[in-house]
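Letters A, B and C mark the chains in the order given here, with residues in each chain numbered from 1 onward.
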Amino acid sequence: MIDLDTFLSQLVVGLFRGSLYWILAAGLTLIFGVTRILNFAHAAILVTGSYITYTIYVSTGSYVLAFLGAIIACGLLGAVTEVLLIRRVYGLDPLYQLLLTFGVTLVVNEAQKLVWGKGSVYVPTPEMLRGGVAVGAVTVSYYTVFVVIVGFLLLLALHYFINMTMMGLRLRAVWRDPVMSEVLGLNPKNYYTLVFFLGSAIAGLGGALLIPAITVGPGLGDHLIVLAFIVVVLAGLGNIVGSYITALAIGVTWSLLTLVTPELDIVILYLISALILMVRPQGLFGER
Amino acid sequence: MILVYVVLALIPLTGQRFYIYLGSLFMIYAIFALSYNVLFGYARLVSFGHGLFFAWGAYATALTTLNLYRDPLVGVLVGIVTALIPSLVVGFLTVRHTRIYFAILTLAFGMVFYSALVKLRWLTGGTDGLVGIPKRGVILDISSPQAYYYFILAFFIVSTLLLYAISRSSIGLLIRALGGNEERLPFLGYSVFQLRLVAFTISGVGSALAGSLYAILMGVVTPDISYWTFSAEPLIMCLVGGFEHFMGPLVGAFVIVVLTTIAARFYEVWMLVLGLMVIGIVLAFRGGFTGFLETTWNLARHMVVARGGASKS
Amino acid sequence: MELLRVEGVTKRFGNLVAVDNVSFTTREGELVAIIGPNGAGKTTLVNLITKKLEPDQGRIFFRGMEITRLPAHSIARLGLVRTFQIVSIFPNLTVEENLAIAALRSNASRSDLERVVEEFKLKEYMGRKAGTLPLGVQKLLELSMSLLLKPKLLILDEPAAGLGPEDRVSLIETLARLRSQTNILIIEHDMNVVFKLADRIIVMDKGRIVADGSPEEIRGNKYVREIYLGEE
């Protein structure tokens, strides 16, 4: 049988992973909710964020600068992509939109390899957050706690922003009914760019948080985009709170599955996801 | 089309192993891309999971020839026939969803298969895959490069002719109708689900054939052919070559195989260029290269007709 | 003989009741027109009958058989065929291919096909991609495809929409000719078309049927006049 300590430590790992998945999915969901575009390149942007974090850290030694730099750089990357490319395919067959963002993924991935090479990069955990706290017989690293907290704060921030601020209200108007909002004097196009900036910036945040925890290499984006899609679609496209819960659920489920069947953990995870999607295509929290 | 067959038939006579290998690879990818296009170009359904079928064909062939019956022909046939199972199953489960969900579901299924291939070491050899797939079998001995080249060529000719016949048939017409205005079909009395499933199955089985031939050619199979990025290969070929015309995927396969080999040293730059091409094509020439050719051809024809008309009067 | 029977059909979109407990029956040989201001629920009603949408309540019968639970393609195969307000054909296929798709479904013969091509003067367009045709011709194509299905009831959703005055005149002539081949139900805004062709007019407003009778009765109906005041 599995003892409580192993269970708890895996639970913690699951929460950590889930929070990262959430940050990955948050930007994607935000962008999709408003623009109806599923940005295939989202994970590639996140990974680029990791690399940028690495570069800034290596040259300045400051985590804060690196984090901020990654966030802003990725936001800009997203915004530029939107302005130059994505703009041209609004309203077109979703097929073209998907293919376009796929093309962007290729470009970002390869450009990344050209700039940083094919090797992996790593950044040590920030000093303040090294070490851990003991909970029973389990050690929970401060960094894990940090990431989980940041994830939760992101949820609160997004929720507050979208539901309580004027800007959020406008975004929701554009989200719900682009035509009507134009009548009301809002220009959806500007909001689309803003949303791409925000969503990609959040991806940058994710990338920055990721690299002190694991080594980041070129193939990671390909791996992550699958997870991102699964989270976003399982939750119900465009559902922020649902995405948070789903992301954590996936993280925890995977970690616990690994305890039980390390051979088939990911297979079962994908299978469950596929099954849920088939039974409830609108996602767990989505509306038809 | 016959020209293509003739050219391909002549290649082994050059005796150069490199060209023979390239030709073999081209044919395999061409079958993959043509099959993929039945779903992509005709029905306008994007699948990121077709690596699943390619891998199925490859692994089925590998497992058969290594464990059951040591012959490449039998192996390939087993690969094709058994491919009906995953095609129908996955198709049945994914086809009834709208396009975006379909794309994501196929991605998920592709990854299920990939992870299964990696994890079930006892069957599939895990990340190392299966090696030693024989070319010398009980019925057929195709161990020389020329021999297995012609082996592949035979399948190439048969499958391309079949796919062409399908594209010109009623079923082909209906699948293209799916891509043109899917919503209209139920009100004409057709079940969209059934049509999509047919298209999906055709593309799945064709992809498996390509995979089977690939296994024989390479002698080795590894799980990465089921990873979604490999599924993107036929997608890119169809995009670059033109997905609205039958020959498009062939052209695309040729371009990609040849250029990738030439650019091997500058792989990352080449992939970058490819990404830019995809973007460019999506934004500009939706019909791909072949569409561009057709547009130019029509323009040229109009000019000739106009000039001819003018000279008559 | 009863052709189409709609009983208590209702459809809600959130708080909006688009179709509110609508019931009526049509008979063979009777050309019925459904009119009403924009948003009255006419197209939604057709969508419910042809199963583009699922009704929340109610039952629908076609030639005595209940079709409420049937999927759209089965309903079409029973002979209930419709056209769309925004013309819906296969733009990437040629006219010939478009017609072939319809002919295939109903096993129409060579001569059926030729007759339809002749009737709607499509011969010169046969090889052209349907998407490149002018709107009027596309509408004729959609109509021909519908006829090739050998419909028992043809529902036309705003057939005159987007047509210029001469085309509208041809439309009236065409529909008058078609009456003998099949039963027709039209949704229309063009009163000219409606009053020239209809045996019976059903008027809808805000999801409900507010009037149902012969053209003279409807013309004299005060309520109907009110609804349309300022509309034409």
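Just so we're on the same page, a contact is a pair of C-beta atoms (placed from the backbone, for glycine too) under 8 Å apart; a residue touches a chain by one contact, two chains touch by 3 or more.
Just so we're clear, the structure is a prediction, and the values are computed from it rather than from any experiment.
Peer 1: So that we know how the chains sit together, what is the shape of their touch graph: line, ring, star, complete or other?
Peer 2: line
Peer 1: Could you see whether A-B or B-C has the larger number of C-beta contact pairs?
Peer 2: It is A-B, judged by the count of C-beta pairs in contact.
Peer 1: Measure off the straight-line distance from the CA centroid of chain A to the CA centroid of chain C, and report it in whole Å.
Peer 2: About 48 Å, centre to centre.
Peer 1: Could you grab the centroid distance between chain A and chain B? Build each centroid from C-alpha atoms only and quote it in angstrom.
Peer 2: Once rounded, the distance between the two centres reads 32 Å.
Peer 1: Nearest whole angstrom, what separates the Cα centre of chain B from the Cα centre of chain C?
Peer 2: That pair's centroid distance is 42 Å.
Peer 1: Can you tell me which residues of chain B touch two or more of the remaining chains?
Peer 2: Residues of chain B touching two or more partner chains: there are none.
Peer 1: What does chain C use to touch chain B in their complex?
Peer 2: Per the stated touch rule, the residues are 50-52, 71-73, 76-77, 81-82, 84, 88-93, 97, 100-102, 104-106, 145, 149.
Peer 1: Could you please specify the touching residues of chain B with respect to chain C in the complex?
Peer 2: So the residues of chain B in touch with chain C come to 170, 173-174, 176-177, 179-181, 183-192, 244.
Peer 1: Where on chain B does chain A make contact in their complex?
Peer 2: Touch list, chain B to chain A: 44, 46, 93, 97-101, 103-105, 107-109, 111-112, 115-116, 119-120, 227-229, 232, 235, 239, 268-269, 271-272, 274-279, 282-283, 286.
Peer 1: Which residues, counting only chain A, touch chain B once they are in their complex?
Peer 2: Listed in rising order, the residues are 38, 85, 88-89, 93-96, 98-100, 102-111, 113-114, 118, 222, 226, 229-230, 233, 263-264, 266-267, 270-271, 273-274, 277-278, 281.
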